[in-house]
Amino acid sequence: MVRYIAKRVLLSVFTLWLVATITFALMFMVPGGPFLAEKTPSAATLEALNQKYGLDQPKIVQYRNYMVKFIQGDMGVSLKQRGRTVSQIISTGFKVSAKIGGLSILIAVLIGVPLGCIAALNRGKWLDNVIIVVATCGIAVPSFVVATILMIIFSVKLGILPTYGLTSWQHYLMPVAALAFYPTAYISRLMRSSMLEVLGQDYMRTARAKGLSQFWMLFKHALRNAILPVVTYLGPLIAYTLTGSFVVEKIFTIPGLGNAFISSILNRDYTMIMGTTIFLAALIILMNLVVDVAYKIIDPRIKLK
Amino acid sequence: MSELLLNIQNERLSFFTPAGEVKALNDISIQMYEGDVLGIVGESGSGKSVTAYSIMQLLPHTGRIIGGTIDFNGHRINDMTEQNMRKIRGNEVSIIFQDPMTSLNPVYTIGNQICEVIKLHTNKNKKQALERAEELLSLVGINEPRKRLKQYPHELSGGMRQRVMIAIALACEPKLLIADEPTTALDVTIQAQILELMIDLKEQLGMSIIMITHDLGIVANMCQKIAVMYAGKIVEYGPVDEIFYNPQHEYTKGLLRSIPKLSEKEHNRLVPIEGTPVDMLNPPKGCPFAPRCDSCMKICLREMPQYTTINDGHLSACWLLQKKEFMQGGEEN
Amino acid sequence: MKEKKNPLSFQLDVSDFLPANKEEKESLVIMRESVSFWRDGLRRFEKNKIAMTSFIIIILVFIFAFVMPQFYPYSYEQQIRGSENLAPMAYSEPELALKAAGEKVFPHILGTDSLGRDTMIRLMMGSRISLLVGLVASILVLLIGSIYGTVAGYFGGKVDLFMMRIVDIIYTVPDILIIILLMVTLKYPLKDLAETVPAFSWINVIGVGLICIFIVFSLLYWVGMARIVRSQVLTLKEQEYVTAARALGAGSGRIIRKHLLTNSMGTLIVTTTLQIPSAIFTESFLSFIGIGVAAPMPSLGSMASTAIDGIYSYPYRLLAPALMISLIILSFNLLGDGLRDAFDPKLKN
């Protein structure tokens, strides 16, 4: 177990380094720079600015400098948002994104798992059909569609929910719902099919032959086996939530990390691009590791190598 | 004579599938007394497992008993609610399944799965249940039982797992143990061990056993009586010696011919039964074995034969026997 | 067992006990006809009403996106002065004047946008982009993934180990971040290439954004396909008929082509079909956040994105692209599910 985790951490560090290097290389392929956007500054100012942030040095030197500082825990200052360090911006943005993302993952699991179970247990009946139809349509609707349709209904037509910002609990309703919609549908389908498979397993027959009640058969024997695919899905789900958060943060103008990432790219804010990319990549990789370890705990058959 | 434990009278059972009604059991009657060991023999799909499962009401929802009665240990099984049935399952009657690799839940320890059934049907607390589980594991011949209790199914071999399944089945000292091809999925050497264990346990505990198998060799060692099933019908029924040395039904004869015998000379080839079993969705109206039978007569294709009594407790349903009777009757007149 | 008396309900005859002949015996046995894998799958597919409906819808969407624009009187970039922000089926004053003058004016079925462009034609072109992205990206992924996977699986050993290690690494890279980065950066070298090297001027015809998407998707999404193909090849490699072919002297290339590829076809078709909606999904997402297909070329994602700015005044503008994209993805999902049920029951989970 410890060896496995150590190995995975090493691989993750390697992947992170790869991501950082690719990002660094890609960043400079884009013409223009962080100081060119609004009004073009004079050549002298530009030179001074470049010198100040070390952008006048050869790329390879800049790369080395960045990496050395990064390892020391310094991600530098934002080139656009003057006076704020990258870590500060990331930490404020992440607090917001994590709240919305975490809530929606929680909701997706809490709704999706029971829905899938209900569908599987009522296989072929109307309740199953309703859940299947809704879930199948659900995975075909991109989050920006859900978000905007919610907005039309609850803000434009009914006018009962606020459209931007995050100052009260009402502000959370639409972003979280929009973000949770797709994974809820996906988990329902996943849970249904894995539940159906588990219900047909021999050990369920054994449980029944023991004289166990329907309730115990379901909660003790079926659920723990059937939930395994959902656990594996949590890794991709976290990555998905991130993607969704780019969209949802844009629509509801939420000052989250997704927004920070996109705008840093569009603004050529080099240090911010590096910082956010590495941070988000680390987050996804770490979550995948956590999911794999959790899987091991639930399923004793899995041997981690 | 000991008590009548199981009495199945003219049971008829069908599966209602989208493709149509599959008549899985057709007029099955079985009687077992306490301590009896009955072998049910037949090909896959002949209805032997369905018969056993119907005693425990373990069939999928598409399967319904549409005629006859099942009485077990004073309970009329047909009329029992699921709730009452649960008190019997695993307690008064229990079952060992064919494939020990898939019959145990992979995510719980052996101890957990044995204690579960003990705690369900007795008043034992957790500690007492664990003690009983340990006792059961040594009873079924598993060494280091205390250590095994903490292991998961995937850490045990197939033979070990089947021993665990037997331990689970015996946990509440059932009156009747159903063994549904308990050795089919195991290696030959392990098969012998498991059979030996079952014979031992039967001697020690004295419960009744229904042994379901397609292997006549297994029933010869264990059973007192044998029911030979074909296409949802018992075609021959009788004491083990009668079936082996005085078989009457053409199907039984065919089964016996297809067992390899070491004692016989090499040039005596094995004789397979030609053809495939009937399609249970469209069963023929006559004798189901007729299409594969070498001695098939015109009447066999039209009508189902009745049972003929050969000796005490030896019955067979075959027109050849009826023919004998008919011809004798004709001579008398 | 219960013994019964013989209450024969009919009279027996000596002739009944005559041996039955072979024909009589065989007449009892009804054999079910056996069918080949493909025909069986096709039959199952045709019976699947949902899958067939989605298939028909997809064909209709194709006609809508590729054929109808040829006959449509407006073009997607044409800005009709004076006809800005029209509601569906409405006419602007200059158009009403033309109509009054007896000229035929084609109605704006879905209205126009803030620049006076007809929404219907833009919806058609947007669907075209989505379909193109879905199909081309999936085919590229299929090609790269299956070649890579086949080579790794077929040669095995160190080659396999090395090749799959690369796959593992790409797998752990968070794809969406790299996609966004690549989308932004690739545009510039591509544009340069198209303008400076005449041999690459076709890039401008297809559109830099679209080429970008193709490259980015095929760079990152092939790994999943490669894994599936490799495991298929590994399983098939152990099958007897491949050993038999090898024993008969068939070369590697022939074995790969003839035996391995034909036998994993079912899985490949299903996986590719299910790749289409996910590519469409990602494209619409990229266009929505503003880094997908470049203006004036419309994409369903960018149309939805623009519609948000006018959400209070023109909420209906959002519905058309939103419904269209959902319909396309839904149909492809259901088609893929149907194909899977018909041709590849193993893949179900």
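In order of appearance the chains are A, B and C, and numbering begins at 1 in each one.
In this section, a contact is a pair of C-beta atoms (placed from the backbone, for glycine too) under 8 Å apart; a residue touches a chain by one contact, two chains touch by 3 or more.
Not measured: the values here are computed from a predicted model.
Chain contacts here are complete: no pair of chains fails to touch. Chain closest to the overall centre, judged by the mean of its C-alpha atoms against the mean of all protein C-alpha atoms: C. Averaged C-alpha coordinates put the centre of subunit A at 54 Å from the centre of subunit B.
Each chain gets one centre point, the mean of its Cα atoms, and the points for subunit A and subunit C are 25 Å apart.
Per-chain Cα centroids separate subunit B from subunit C by 51 Å. Per the touch definition, subunit A reaches subunit B in the complex via residues 201-203, 205-213, 220-221, 224-225, 298-301.
Subunit C makes touch with subunit B in their complex at residues 1-4, 6, 8, 10, 12, 14-20, 24-26, 28-30, 32. Remark: subunit B residues 9-10, 29-31, 227, 234, 237, 275, 278-279, 282, 284, 286, 290-291, 295-303, 306-307, 309, 313, 315, 319, 322-323, 325-327, 330 touch subunit C in the complex.
For subunit A in complex with subunit C, the residues that touch the partner chain are 11-12, 14-15, 18-19, 22-23, 26-27, 29-31, 136-137, 139-145, 148-149, 151-152, 156-157, 193-194, 197, 229, 239, 242-243, 246-247, 250-251, 261-262, 265-266, 273, 277, 280-281, 284-285, 288. If you check the complex, the residues on subunit B that touch subunit A are 56, 58, 85-91, 94-95, 97, 99, 102-108, 116-117, 120-121, 152, 154, 165, 168.
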